[in-house]
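Each of the next two complexes has chain A plus one more chain, namely chain B in the first and chain C in the second.
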Partner chain A sequence: MWSISDKGEREFTGGKEDWAAVAHIAENCPGFKPDDEDEMVADEAVSCYNCRYRRWTIKSFVCCK
Partner chain B sequence: MKIFVAIDDSLQLDGGKAGVTASLLTQAIEDNGWGKCTIPSRHRLYPHPDTGCKKHNTARSFSADIEEQYLQVFIDYACKLIKSSGTPDSNAGLAIAVPELMENTDELLDYAYRVKEGMVSKNDALAFADKPGIYLFELSGSGKGIIGALAAAGLRITGNDGQFRGKLQLSKVESYVATVSEIIYNTYVEQVKNMEMENIGLDEYVRMGEKVKVVLLDNKYTLMVFPTDIQHPKWQTSTTHMLRVF
Partner chain C sequence: MKIYIGIDDTDSLEFGATGQSANELRRIIKDKGWGEPEPVTRHQLLLHPDIPYTSHNSSMCFTVEMKEDNLKEFIDCAAEFLKETSAPGSDPGLCVAVNERIKDIDELMSFGFKAKVEILNKEEAYKTAEDCGIHLSEHGGTGQGVIGALAGIGLRMTGNDGRFQGRTKLKDTGESMGIGDIIATTEIEEVQSIDGHVLTDDEILIIGDKIKTVLLDGKRKLLVYRENDGWHTCNNQHIKNY
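This part shows the complex of A and B:
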């Protein structure tokens, strides 16, 4: 589910469209914090895609927590 | 004169304040009697870590009709506000485009779409610095914010990009159903379209969702809807997921 980059960052391997998986991850993540409302992209309020600690990459996102 | 103002300072991991800054700038223009503003919009740009964005790559923009003598006053005010509201690690940039003074608007629009779809260097943005009708300001850090700011100004000029700040609320009733004419009469929405970009008639019914966002299409405040596949109401406001293209 996660790959580790050369920089030691955790990148989600499911890409940008795995809505159910990232909602499940975020629900169980103590570090989840909702991003600015204008930056949200997922319908599920609690989702890595809506988290202020995600950083988009070309294929997916990196978790900064 | 009509101006397009855009800012980008999204380097801050815990930030997300560019939208607030844009709103403060519109407030200053109106409170000081410099002119009238439109609502700020958020424009998505190319999401890549090499753009220098820690969190996301978006920029904010709005247009304003201002008296020509207030342009420099506004620029000074905006630069000061953006500098003072940034954090030590932000790379804030401000761009102002004045189409009536520009020789070639299309080259700015081409640039804007390039920034939306791929990596663009700061030098590409700086190539516009000496062109008439374009004002660029590197306000903190590396100044790379001018790349996104200039793009957001161009995207706003297209009239077909971006989402507006905040959520639209027509009624406190959950799943409220309204006609298109009621929506247009009671909110700032100017048109309602389905996801195929077809206009929805004034007497058609729309179920208002929990989180209703307005987008910029045809230079109008636009509410996007999708079919419910039932007889009544025929339409439902589009979800966050559906609107991610804007």
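This part shows the complex of A and C:
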């Protein structure tokens, strides 16, 4: 589910459209923090795609927590 | 005169949001009696490992009618505001363009489009700002935010990029509304399907959750999709590429 990038960052391997998987991860993640409303992309409120600590990459995102 | 204000990179991973900074600047303009700012648009720029964006690499822009007499004071005030309030570790940039004095609108819009697909540097941003005769300044950190601040204005000027900040309140989820009613009672100027069909006033829309609007053809538009013989408002997932 995660790969380690060249920079040592944890990148999600499911890309930008795996809505169910990232909702599941975030629901079980103590680090989840909702991002600013304008930066939310998932319809599930609790989702890595809506988390303050995800930073978008070309194909997916890295978790910076 | 109409001025465009673009800001970028005022937040960090932990603190702040560039959209909130833009809104604070709008509030200052109103409180000082300098003008009635238009809504903020958010413009997505290139996501690339070589771009050191602090959190999203998106830029914020809004416009306001302002008197010449207030312009210098506004720029000084905005610069001070960004310096004082931007998150530690952020790289804020400010761009202010007087519409009627932009020397090369094509170059400015082209810079905006390039920032969505290419890695640009500060020198290119300052050169474009100088060519176009517009204000560009940095207010902390690496000042990398000048690229997005300038690009945000270029993209807003195209009239075909970005989504509006915040949500639009229509009726409750699941309720219906006529298009004519939506246009008459909200800031939405047109309702259009994702593939470009503009709905007429007598058509009916089923309202969904979390309504966002986008900037297309110079208008604030609500995007919709067709399902089960009815029109539905697009959700976040539908408009994530705007």
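One rule holds for everything that comes next: the second predicted complex is superposed on the first by the 65 of 65 C-alpha atoms of A that agree within 3 Å, B and C clash if a C-alpha of one lies under 4 Å from a C-alpha of the other, contacts with A are read in each partner's own complex, and residues count from 1 in each chain.
Keep this in mind: a residue touches a chain if its C-beta (ideal position, glycine included) is under 8 Å from a C-beta of that chain, and two chains touch if they have at least 3 such contacts.
Quick caveat: nothing in here was measured; it's all calculated off a predicted structure.
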Quick check on the superposition: with chain A as the shared anchor, is it clash or fit for chain B versus chain C? clash
Looking at A:Trp56, would you say it contacts chain B, chain C, both, or neither? Reply first, second, both or neither. both
After superposition on the shared chain, which partner residues are touched by A:Val41: those of chain B (first), chain C (second), both, or neither? both
What is the contact status of A:Trp2 with respect to chain B (first) and chain C (second): first, second, both, or neither? neither
Overlap of the chain B and chain C footprints on chain A, residue-wise? 19, 35-43, 52-53, 55-58, 64
Contacts from chain B onto chain A in the complex sit at residues 13-14, 16, 19, 42, 47-49, 53-58, 163, 165-167, 239-241, 244
Touching residues (chain side chain A, partner chain C) in the complex: 5, 7, 16, 19, 35-43, 52-53, 55-58, 64
Could you please specify the touching residues of chain A with respect to chain B in the complex? 19, 35-43, 52-58, 62, 64
Under the definition above, what is the set of chain C residues touching chain A in their complex? 11, 13-14, 17, 19-20, 42, 47-49, 55-58, 163, 165-167, 209-210, 235-237, 240
